[in-house]
Structures are given as structure tokens and as C-alpha cells.
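A quick write-up on the structure given underneath.
Note that the chains are named A, B, C, D and E in the order they appear, and that numbering of residues resets to 1 at the start of each chain.
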Amino acid sequence: MSAQHEKKESAASSPIVIVFFIIGLAVSLFVGWSIFPKLLYSQKKQPIDFSHSIHLDAVGDCESCHFFREDGSFSGIPELSNCVECHEEAQGEDPEEIKLIENYIEPNKEIPWLVYSRQPDCVFFSHAAHVKMGELECKTCHGMIGESDHVEIYEENRITGYSRNIWGKSIGGFKSNTWDRMKMDDCAECHEEHGTNQACFVCHK
Amino acid sequence: MDSALIPQGVKRCPFPQFALWIGFLSIFMLWAVVAAGVAWIKGLNTTNLNDYFGFGAWITADLAVIALGGGAFFTGFMRYILGIEDFKHILNFAVIIGFVCYSSALVILGLDVGQPLRSWFIFWHANVHSMLTEVAFCISCYFTVLTIEYIPLVLENRQLDKIPLVHNFSHNLHRIMAVFAATGAFLSFFHQGSLGGTVGVLFGRPFGFREHFAIWPTAFFLFIISAMACGPCFTILVTRITELITRKKLVKQNVIAKLAKVSGWLMVAYLALKMIDTVYWAMVTLPNMGVSVMDMYPESPFTIWILIAELGFCGAIPAIILITEKGRNNNFLLVPATILSCFGAILNRYVMTVQTLALPVLPFDKFVNYIPNWVEWVTSLAPFVYLALLISLSYRYLPVFPQEKELNP
Amino acid sequence: MKEEHKEGAHGHKEKYKYGMVIDLDKCTGCGACMVACMTENNVPFRKDESNKLVSTAWMRVFKATNGKSYPDIDVCYFPRPCMHCEGEHGHAPCVSVCPATATDYNYETGIVSQIYTRCFGCRYCMAACPYHARYFNWWDPVWPDKMEKALSPDVSPRMRGVVEKCSFCFHRFQRARDHAYAEGRREIREDEYQTACTQACPADAIIFGDLNNPEHKVYKLKKSPYAFRLLERLGTNPKVYYLSTRSWVRRAGDNYLAGERSK
Amino acid sequence: MSLGRRGFLQFCLGAGAGITFSPLPWKLMDDISIWSQTFRGIPIEVPVPPVGEVNIEKSVCTLCPGGCGISVRKIKNRAVKIEGAEGHPINDGGICILGVAGLYQLYGGARVKGPLKRAGNRGEGKWEEISWSAAISEISKKLSQIRRNGSAHTVACISGKDRGTVPQLFKRLLTAYGSPNFISMPSSEDTERLGLKLMQGEDASVGYDLENARYILSFGSGLIDGWGSPVRVFRANSAWREEAVKGLAKVVQIEPRLSNTAAKADRWVPIAPGTEAALALGFAHVIIKERRYNKNFVMNHCFGFEDWTDNSGKVHKGLKRMVLKDYSPDVVSEITGISVSKIVALAREFARAKRPLAVCGRGKGSTPEGLQEFMAIYALNTLVGNINKTGGVRALPEVRTTAWPGVAQDAIAKRGMNQPRFDRAGTKAFPVTESLFNQLSGLMNTGKGAYTLSALLVYGANPYYTAHDKAAVAEALDSIPFIVSFSSHMDETAQHADFILPSHTNLERYEDVPTPAGLNVPIIGLSRPVVDPEYDTKHVGDTVIALGKSIDGIADSFVWDDYESLLKETMGGKWDTLIGEGYWKDAGYSPAAWSSGFKTPSGKFEFFATGLYRAGIRSHNDNDYLPRYKPVVLEGDPGSYPLVLIPIESTRLADGAVANPPYLTKTVADTVLKNNDIFVEVNPKTAAAYGLSEGAVAMLKTPTGEVKVRTHMYEGVRPGVVAIPTGLGHSAYDDYLSGKGVNANEVIGTVEDPISGLDIAWGSRASLVGII
Amino acid sequence: MFPFCFEWHWDLGHMVFHGALWYALSILGIGLTYAAIKSFIDLKKGGHH
């Protein structure tokens, strides 16, 4: 090796080069934590800006709209017929309510709600087991949605097609509340804690 | 044209001739790539596999190439762990063969699964009780070892070696190669065994099932020994073929003879154990399941002749040749013996997989046969073309045979 | 009353042990169980299903003969669902070999599960199963015209390249359990959980229930002198029992050496 | 090394480190992993069935005449599963293979999606879509024109069955229009009703009390191969099996092939094909000779057992004399190939048994048997006195419903109705028969018909496929210039129609289901709409009413607004029960006591069918009025056709007007169908004699036609017999059915029963020649 | 594969299997890292073999 080479080698280890490392680190961290989630999720607005809090005040509990059927199955998101029960005629002047009546109730079209908690087809989830038998509260999994005034933007993962709420709003996948994430690990964690059956078929179909 | 890349002091054929040869091999490889593409894109309905023969040519090929590639780990084991220095003259070559065999095995395994994109589940969601998990882990780890063993050889290429860092790296790898070799040997012993175990544990399949020692079925141990026996044979065979094609002596006869001798005695040991195993299986295991040994050899091609061919023609005969001094030193006996031994290994792997599945276990079930289709044939035979390709390239550009200069002054 | 939560030898909680008894004297080989199963479990069909080696039928009806010549020949049909082998302590032939834990023995129900999204199609389980109860999806499932409308949401349709098999209609267990939970019960009654084939069988040849529960029909039937299981000698410990008063049929259920006596 | 290169390297290192500590690779890995489980957005994405509220709808299956109750599981508006209705008197929760696959009839292929008018040549498959109103107006215009021309009687209707409101509506349409030519597709029920009318004097169908019978002598009836109401027979069979273990029941199956029924029976009697009547009379011989018959019943309630003298003083032969003379076990053994000792033993067993029952109707009963053959087998029941007894036979009357207002016939209608039926049923040739589909092709193809037919309506039938001697039938029907099909599916007949007015499928419509063949109690089932119509189809009843209202001069007979109100009105007081339960059962029904007599002229059960004489059938041979065995003379000489071909009817192949759904085809063994090749069964001995091996390709030739088949060796077939599966060989429908195998009806010709004129071909002479 | 995975059990099978696996992987990893670092150091030292 030539002497010139040797010189450059020493220059290479100088702090200037470290700057490149730091730049690389900073750029990639920024891309990974900030730009990537924006690219990964598409933003979709719900058809109607629904206020849970107003409705909760009016009807009193979750189960009035999200009810169990006689066979033990869970109704999930209410159908249009539930809305019609109260909103056959406009009750006020809220533009969202007018939207509901004009766009859905009058043409008798189901509202294409985007479901934050929709799981893949391979998942079997029994509300009866958790709510009726396990006596879990709605918020344990669904959080404070019942108290919200507006429905949040639905963020759809462009690769999987599932809502961001499944992986959790935190792109790092960290969680501080039980309702922050809805991944298999979260189910397993709770089942483990409660000594519930861990066999695959319990949660899969 | 490419003389700058060719190791110093050796003679190689003119480049156009070489290019023609490589081109010829590449056509075959391309065919195999097309076949693999068909299977991957259109799915496994493009093969002749079916619900009765979930395993077929591909698993046979997998098991066979891994057995034949056993020369790498076993030569390395003898060179580094047992310290038999002679084998360093053939170790490079054994490593190349091993590398080809294991990379082929991984590709074929990738072909053989229905959802290749999910094949990493075998690691991520591993079921530690499954022999296949063990196989997958060990093969991929051992493939890493082989890559590590192969890299220094690549780096010894005349031009690469000129780069100081590369030179250092290859040197340092060489220095600790014994550690890698030891790890590789450890892994190899296990997965060769586990391959036998995959079939040996199938207690629903009387043909394949074997009684257990500790947690392993006897097939586990038999597979290890048979791989140790036939691996070196394949190394010898490929060496002889390379010598034939290059019209050069590349490895000294004493090295070959030593390897042949080891292989021969291992074959003897294998045959003895296999006999005991077979007799026990026939006399104890099978009757307990309500079947007789002749029930296991019902219809062509699975008649008792397949057993005689495996243990007699492809077992006892080569073993006798290899353990006799005259036999292993006479090329006209040695080469056929290695061929028979390798064929025996392939036959054994075929029998253990396909025949195990071919025999109806339900008394009211029908016997059905299975013949691979072109997709399976082409991809299963591709490793041999791939081997020729990689050997051609390595032989031309890398110092594979340490004794070549000495033998071809 | 049934014994609550039996502790198995292996220390797992055994709540139920679901199994089947199939009366081969009643079975007519009509095939209703096969189709009931297919329509219940979203099993697809192709234009040519005559190659039985690649044709999926979780419940498959085998035909056995006594091997005699005219006019002494006799025929018997063997409906073959997944046997949900228990092996020794849940060591079913297929469960122990699955490299990716895609199939699993559930100690609570005795059912061997298969999770399609976990399976990557190595087919080792198929090699392990002596009953050919496991099927590989060689093709992408395609339903003609509007047949997709007939798909049940209780069972996931399977993609190409994975193995599938009978689940004892586990989704019906889930359904029954949900119903029980909604009524505040933990126990599931015998009639609440029945497989599709059992329910459909026009000959009432298939009986399903908890093998551990003395109040269930299967409990008594499995103890019949005419009861046997397929390939019992292999140690698969299956949970499907067969009944036949014909001795050659009982002998056809397992392998015997010439001259050996069968049960 | 330059600073740039170094810097770049450092940058990359930093970027690598940063990326590793960002969610990017891990999240991507997770998402791609999920994607690899759904393949969203690429062609191999699997469907995700939507969830929703579950609804169970009860109905009655009409895919076969069995009348089983079904409960359809629905998710919102999608029907996802058909199950047997628990507690239904016919099937109590069980369901047959065809019924459970019924959703394919609704959602599957080959549906006719709206009214079609032929655009190209007949059968070319070119159609023009047309509106319902235009279609009905065009058809009624055409029919009005025919009517105006004075040829109303040349319009015919082929219906799958003749009972129930829909067939009756068609019949009414023709009556008002002026045509006597309402033709229903034949089945063994036709012969049985005829026989019952003659012997017991009742217009009823035979009810077999299978559930309570304990010794079942089946003369080739495929009891568990789809005979009668299949699920009901399966259940009865299971009861027999339970009793048989205790030695309390026994089933004897008399059949040339070891069918599933034979395999499940306690004894299989492999008989020479077509000689069942001889065996029955052989049994009668033993029973009479050994005086094992029920003396009370035979002596006090039967006519024609002993010789008798008519008003003119002529002595007529009775059953006893004829049987003792003609049907000794030696003779019968010669005919049937069954040993004398076996005949005697079986006869004794039958006579001695508690609640014995002889059953007839070959296979599924889709082909009528000879009238005298039925009488012979039925006579066995009479001899042992199990008529109107538990576990015996009985005449089951039609359930009474509200009668429709009379048809307002104008002069044209009256003139038309006075014309003889084209098929000669009820004419001098065949005075006792109601409908003779099988006569059509002969009369039309030879031009011997009394007139030519100018229009044809087809509903619930697929004669282009299901009729024996398919080619002749196709030739005959093709000569009718105007054909209207009411089929829901593009079947073979619809393919040859000029108009298709598609009707709703069974899951989309109301319909009453009359008592199925062979049932032991009178019952009506109600099939009702479970889902909204999938396509632009219409209830066939509504279509007929619409036609009736728009054809000139007959509107007065069609006063109903729609079919539903008609049905409601017809069912009257039963409607509420039908809606609630899905069926109405005559709970008070019990068979009449012997003492109340029979409705025959003699007031007794008639072994000697005087009804035939009264209907105008004159013969000097008394045997022609008695139960007897008259060999069916099959076409072709035994030299060129040394083998006998018989059909194999199985539950796994629907061979009637309802085509086989793919789920059923999937269950068919590869020894029946492999790729597109059909397998015929032959005994290995027969195969060896003709040099055929397993799977060998051969030509199956009969006087009717020849088809390419493969051979399957089966020890369960009588040597000298070839057995061919039915239900395959469709040329219509979709790729899941069309082109698979061959249609057995291509090689089975017709054989006319001398008295009834019905086609009683149970097989054919045949040869099997290997193709090298 | 990792102790934090859902399927992980602290039983003998997992410990033996994964023990062996991680042992082998560590040796390979450490060996390679060692060789790489050593090469750099050698290079810096100007060592030339």
C-alpha cells in the first residue's frame, strides 16, 4: 500500500466521516418512523361522522345498538334498520344526520361503514365468550370509542387491507392500554393471563 | 481471454471451448428454471404429486443430494476433527460438491411446499417435535457453514486475492475453519439423522416406521452412517469424472484410496446395522402392526427385488470392492463401486419416501403408483447439471485441487 | 352427570372428548355425508373430480369387499372422516410431525385442528396419516356462477397450497358454545353440537358426541362388542369407532397376519 | 479510498442501523406475512364469505318426488346450507345426497337467466333475450292461432308428474284450450296405481308400511339406492338393521347385481334379469301348495283365488290353479336361475314371517314394471294377508283439497277434448292407461299417429335425456314445430325449445308436494320461497295463469290473480298448518279394515282383474287377467347380442329431470367415471370370456345403439350381465356435467307392456366388443 | 422461534432444540464477525499474509 493510501485511511476515521454515519442514521430513522407509516396507510373517511357520545347519552348503553342475537351471535355494527328506528325523520339540523337520511335511509342503502376492528377471515372471535362469559367490558378491546364525538379517520393498510387499529396506532407497535392493539399476541397474552385454552381452534377457523 | 482469472501454473482449455460447455449446461439449467417457475406460479397441480403421494421425486431428490453431499461434512470432520491431513487435498472439492447439494436441496424444498412465501414459518413457528423442523434448521445452518467454507476458496481466486482485505478475510476464515467444520459436522450428523427420522417416526406407516432408541428411530442412525459412507463415494466419483473430462490427474491415489477405504468400512458397518434393523423390523415391528414383511413388497416396482438391489447390488458389492486394497486401487472396480454405492443411496432414499407412501395401510385401500412428470424430473435432476456448472467454473478459476500442480508439472 | 374436567394422564384439562360411532350395517354408502360435509365446509369442486387422488373430500366413503367371488361377494362402505387421533397423550401421527405448528391436538375437545393460514403446504402430515384423511389444495378454489353466495362464513375457504381436513365441524362447537354462553351456560348439550355429516346421514348411521360422557349415545355404543376402530394396532388411538355385526367387516378395519385372530 | 466512497459507506452503515431500529422492516415483514395468507389483490385471493344474521327457513325439497322437509340456513339473504328438517314425518332431520346439494340448483351453473327465444336453428344454442310480456304474448298468439285453426287438440304438454297443483294447472290449460294431450313422464307408480285400481278398485297409490315390516322381500327395488322417498326408506332400513341384529327382521334382495341394497340386505338372491314375476309366482306356488297363505283373507276377502264361474256359466281359472300348474319351483328355478331349495326356503320364510312385505318397482322406480308382474308381487302380500295391516301394503288416497271451479269450455275446447289422445292412452288400444309418453316416438316417427302434434309445452321433464331410446324420442320431438320449455335450467329439452320461460327453482317458489310414492300415510308438503329469485324468472304457475289469460277464449278458466292465491285457495283450511309446519299430515288416517270390503265390482280383492274385461280387453286366455310372468321379449337376437344390459341406479347420480350437481359427481367412484369415460360393470368371468381386462375400452352395442365404454370387473354382477350407470352422458348443462360418460338411455330401447302399453324395458340385449 | 413468540414454551423440547440451534447460530455469527473484524484490524496493521 502506498503512503498516500495510508494518509487517506487516517482521514477516513476523522469525525467528518462520522457525520455521514449520523446523517444516514437520521435519515433512515426519519423515513422509518415518519414517512413509512404515511406511505403504508391510506386515509379513508367514514361515510358519516357518527358521534358515539350523543348516541350513548340517548340510548344509555352499548348493547342497545351492538346487541347479541338469540343464538348468541353478535350483531356488530348496526344495520340501517337500527338507524331508521329513530332517524326515519330528521331529528335536528345536523348536516351529518341529513346526509344519513338523504344518502342512505331514503334510498334504503346500507351504510358502508369501515370497521376498525375487522380481523382476517381466519380469525374466529366470539363476543359471547368474552362479554357474556368472560365479562369483559367493551372498552377493554375497543377503548374509549363510546365516548367519542367524531369517528376517526380509517387508515387502511395498503398491503394487508386491514385497519391500522389492528396493529395499533403506534407504528412501533408499542401499547400502553389493552385496547391499543388487536394482534394475535394481544389475544394470547390475555388468554395466558386468564389460563384460557390456548389451542389454535379456539381463535381460528 | 480470461487468463488473468485462471490460477497460476495450471493449464486450462481455451475460453471458447469453455464457453460452449458452459452454454450447453446453462440450457439445461434454464429448462430447470422454467420448470421451477411453472411449479411456483401455477402451483403444484403441475406435478404428478397427489394426496396419496404428498412426497415424491422432490423429497427423494432432497434426501439423495443431501446424502451424496455428505462427503463435505464427513471429509471436513476427518480433516479438522480427526486431524487426518491427507484429506485436505480433496476437501475443497468435497466442499464444492456439498455446497451444490445443499443449495439444491434448499431450492427443491422451496419448490416442494405449497406456499413457498410462508416457508419461513418453519423457523418462526417451529414445532420442535417435528423432524422436518430439525431438518430445515440444520440444513439451512449447515448450508451457511458450507458457504463459509466455500467463500475462502472463492476469495483465493487470483484477482480477488490481490485485494488485501479479501485476502485477510479468507486467511482468517481459514484459521478458524476448524470451528466452523466442527459446527458443521455437529449439524450434519443431526440433520442426516433427522432425514431418516422424518420417515422413521411415521407410526402410521408400517413401511417407514422404525423402533426408537432414545428419542430417535433407528432410521436416524442408519441415515447418518449411510450418508457418511456414500458421501465420500460421490466425492470420489465426481473427482474421477472431473479427471476424465480434464484429462488430468488431480488428486493422488493414496488420498482417494484412503477415502474409499473409510467409505468401504462404513458401508460394511451400515449394511450390518441395516440388516439387523431390517430383520427386527420384519420380525417384531411389522407383526405387531399385523403385517408381514412380504406385504411390504406387494407390487411392481416395489417387490422384494428393490430390497435386494439396495442392499446386495448397491450395498454389499461396492462395500467388498472398497474394503479390498486391490479393488479400491483399480479404477475399473473403484468407479463402478462408487456408482453403485451412490445409486444405492438414491434407491434407499427413494424407497424410504415413496415406497412408504405407496403401500396402502387401510386394508380396503387400493395400491396406487406414482411416476413423476417432467416438472419434477427436470428440477430433480438439475442439481447434477448445477454441480457440473459450478465445478467447471470453480475448477477453471479457483485453486480447487492443491495437488494439481504437483501431479501435472 | 358428566365428570367435570377430567385430568388426562398428561396433565391436560380434558373437558370433552368428542368422537364418532359409525354403524356400518346401517350405512348405505349413499354419499350424503360427503356432500353435507362439502357444502358445510366450503369445499370447492372442479370440472373433473374423477381423479380421486387429487379430489378433496373430508368425509370420504371407502368401499370394501370381502374379496370373495360371485355370488358370495359382500360389500361394505366405510365413511372415513378425520379420525382425530389421540395417539399417546395427543401425539397424533400428524400433529407431531407438522413443522410449523399448523395442526394441533386440542385437549379440551379432543379435536385435531388445522389452521390454513399457518400451513405452508409441506404435506408431511399427509405422509403421516395412514387414513388419507388429509387433503392438499392443488388448485385455487373457484366457484362457478353465483356459487360463492353459498359459502358459509363459519369456515374459511382455503387457498391453494395448504392442507385441509375434517374438523368435526368445529365451528358448530363454537356456535353451540356461543349459544350456551349467551344463556349463561358453560356445558354444551349433546344435541347442540352435532357434525354436518351426523346431522345429514339419512340412515342415522353416524352418531356423534362426547366419548367421556356416560349420558351421550357414543359412550355406550363404543363399548359394543361389534365396535372397532380403524388401524388400532398402529397406536393412532382414533376417536372414530365403527360398528358391524359382520366379522369380515371388523377384520377389514385393521391389518392381520394370515391365521391371526381378529376381534 | 476516496472520502466520497468512505462517506457513502458510512452513510449506508448509518442508514442500515437506523432502518433496523425503525419499524419499517419489522412492520413490512409482518404485513407481507399477512398478505401471504390472503393474497389480497391478486387472482389467487380467496373469497371471504360475509357474515350476518342467521335465518333458518323451512321448506320441502322438490328435487325428487320424495317430499322431504328441509331447513335452509341463511346468512342474511344468502342460502348457505340445506339440512333435513327435524321432526318432519318423512325424513326427520335426515337428508339425501341430492337434497343437500340443492344450492347448486339455485346458485350454480346452467340457469336460464330470463325468457329466451330461439334465434338460430333448433338446438344450435343461439338465443335472443326477450321480455316476459313479449314472450307470453308471442306464445299465446301462436297458441291462439292454432286454436283458431281448429287444431287445438294438436297441442301437447309433457309434465314430469301429474299430481299437485302445477301439473293440474297445465292440465287445466289444455282442457280449457281443447287438448286431451296432457302427458306425464312414466314411472313405476303408473303401473302400481293401475294395478291397485284393478285389484283393489281404488284410485290410489300403493303405500308400503316399510317402517313396521319385518320381513322385506324386495323384487329389485333399490330400497336404499333411491327408491320411493329415499330418506324415509333409509330410516326404515336402519330400523330393520337394528332388529336384524336381534333376529327380528330380515331383508331379502332379489336382483341380478349386488347393489347397495343387496349388500345391506340379509340375503342377496342374484336372479336372472327380468324374471322377478316368475319368482314371485314360484313363492306363491309354495305358499299355496303348503297352505301357508292367510286363509281368512284369501277365502273371505279375495276374488279369483279359486276357479269361478261367470254369469254366462263359463268357468274361469283362479290364481290357485294357474300357479300350481305353471309355477312349480322346478319351472321357476329354470327361469330365474335360483335353486329350487332356495325358492322353497324363501317362500316358507316369507309366509312364516311376522309382518312380511313384498316390494316392487325396479331400482329407483323410474321405469314402470309390467302390469302382471306388479300383480304377481302384490299378490304375495295378499296371500300372506298383510293388506291394510301394520307392516303391510295399503291403498293410499290423494289428500283432499278444495276443488277448482269447473273449466269453462267453449265449443273449440269441447271439440278438441273429444279427439282421441295422441298417445292412445285411454283409447281402445290401451283402455286402462292414463298417459303413455313412450308411445309418442313410435307414432310420430312412423307417421301412424291419429294426427300430427303442432305444439308442445314441457315442464318438470327432460324427455330428450330421460327417455329410453333417446335418439328416437329426439327425432320425434324435433318434428314438433313449436316447443315451449318452462325449465329453470338449460337442459337437453330446453336446448331444443323455441321458447324458454324459465321458472323459479325449488328454493324460490311456492308449490304443494303431494304424497310421495310408497309412503304409508297421506301427506302434503309445502315448498316455499327461501330466497328471492336470483334471475329474471317467474313461477311456472304464474306463467301458466298468464298464458291462460292471454290465449283467446280460455281466460274464463283462469280467474286467479296469481299462483300463490290459487295455492292458498286450493289448500283451504290446510294452508295455516302448511305455513306453520311445512306439511299437513292426515293424522286420522288408518287403512280400512278387511271387513269394510274393497271398491272392486266383486267387493273383494281381485286376483282376477275383472276390471280389464270391463275396460274392453278381451282374451280367451284367463291368464291374461291374472298375475303372471310373461317374459319381456327384448329386441335383438341372442347370437349377436349374447349379454344382457341392465341399468345401475345409484343415489350418487341423479338420473331424472333434475341433473346431477357437481358435488354429487365428485362423490362418484373412479370405477364409474374416470375423466370422461364411463365404466360398465361385468363379472370377471364375463370379462375373461370376451377378453376384456379392468379398464379396457369396449363398444357396448345394443339393438338401440352403441356407445364407447370402459369395463370394470365386479364380482357382484351376474355372469352374462353388463351393468351401466345411469345419470351420466348429459349434452346440456355446464362443464361440470356435460360430456361426462354416456347416457344409458342411448342403448336401452323400449318394450311395450301388452296391457298397459307402458314402456317396461328394464334393460336390453347387448354385446361388448373390446377395442384394441 | 424466540422466547417472546406466542408458541414458545419453557419445556425441555424447546430448550434442547433451540439451545442447540442458537448455539450453532452463535458460533457461526461470532466466527464470521471475528474473522471480519480481525481482517480489518490486520488490514490496519498492514499485515499481509
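By our rule, a residue touches a chain if its C-beta (ideal position, glycine included) is under 8 Å from a C-beta of that chain, and two chains touch if they have at least 3 such contacts.
Please read these numbers as outputs of a predicted model, since none were measured by experiment.
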item: Shared interface partners, meaning chains that touch chain A and chain C; value: D
item: Between B-D and B-E, the pair with more C-beta contacts; value: B-E
item: Identity of the chain that, by mean CA position, is farthest from chain C; value: E
item: By mean Cα position, the chain sitting nearest the middle; value: C
item: From chain D, the most remote chain by mean C-alpha position; value: E
item: Separation of chain B from chain D, taking each centre as the mean of its C-alpha atoms, in whole Å; value: 63
item: CA centroid of chain A to CA centroid of chain D, Å; value: 56
item: Intercentroid distance (Cα basis), chain E paired with chain A, Å; value: 38
item: Where chain C and chain E are represented by their mean Cα positions, the distance between them in whole Å; value: 45
item: Residues of chain E whose C-beta touches two or more other chains; value: 7
item: Junction residues of chain C - those touching two or more other chains; value: 51, 55, 63, 65, 101-102, 117-118, 140, 156-157, 159-160
item: For chain D, residues contacting two or more additional chains; value: 32, 37-38, 46, 48-49, 51
item: Contact pairs between chains, per stated definition; value: A-C, A-D, A-E, B-C, B-D, B-E, C-D
item: Chain A partner contacts - residues on chain E that touch it in the complex; value: 6, 44, 46
item: Chain A-facing residues of chain D, complex; value: 1-3, 6-8, 10-19, 21-24, 26-28, 30-32, 34-35, 37-38, 40-41, 46, 48-49, 51, 53-54
item: Chain C-facing residues of chain D, complex; value: 37-39, 43-44, 46-52, 73, 75, 78-84, 91, 93-97, 100-101, 103-104, 106-109, 111, 224-225, 230-231, 234-235, 237-238, 241-242, 244-245, 258, 260-261, 263-264, 268, 270, 534, 651-652, 662-670, 673-676, 683-685, 715-719, 734-736
item: Chain E to chain B touching residues, read off their complex; value: 1, 5, 7, 13-14, 16-18, 20-21, 24-25, 27-28, 31-32, 34-36, 38-40, 42-43, 47-49
item: Chain D-facing residues of chain A, complex; value: 5, 8-9, 11-12, 16-18, 20-29, 31-33, 36-37, 40, 69, 71, 73, 75-76, 120-122, 157, 159-162, 167, 171-173
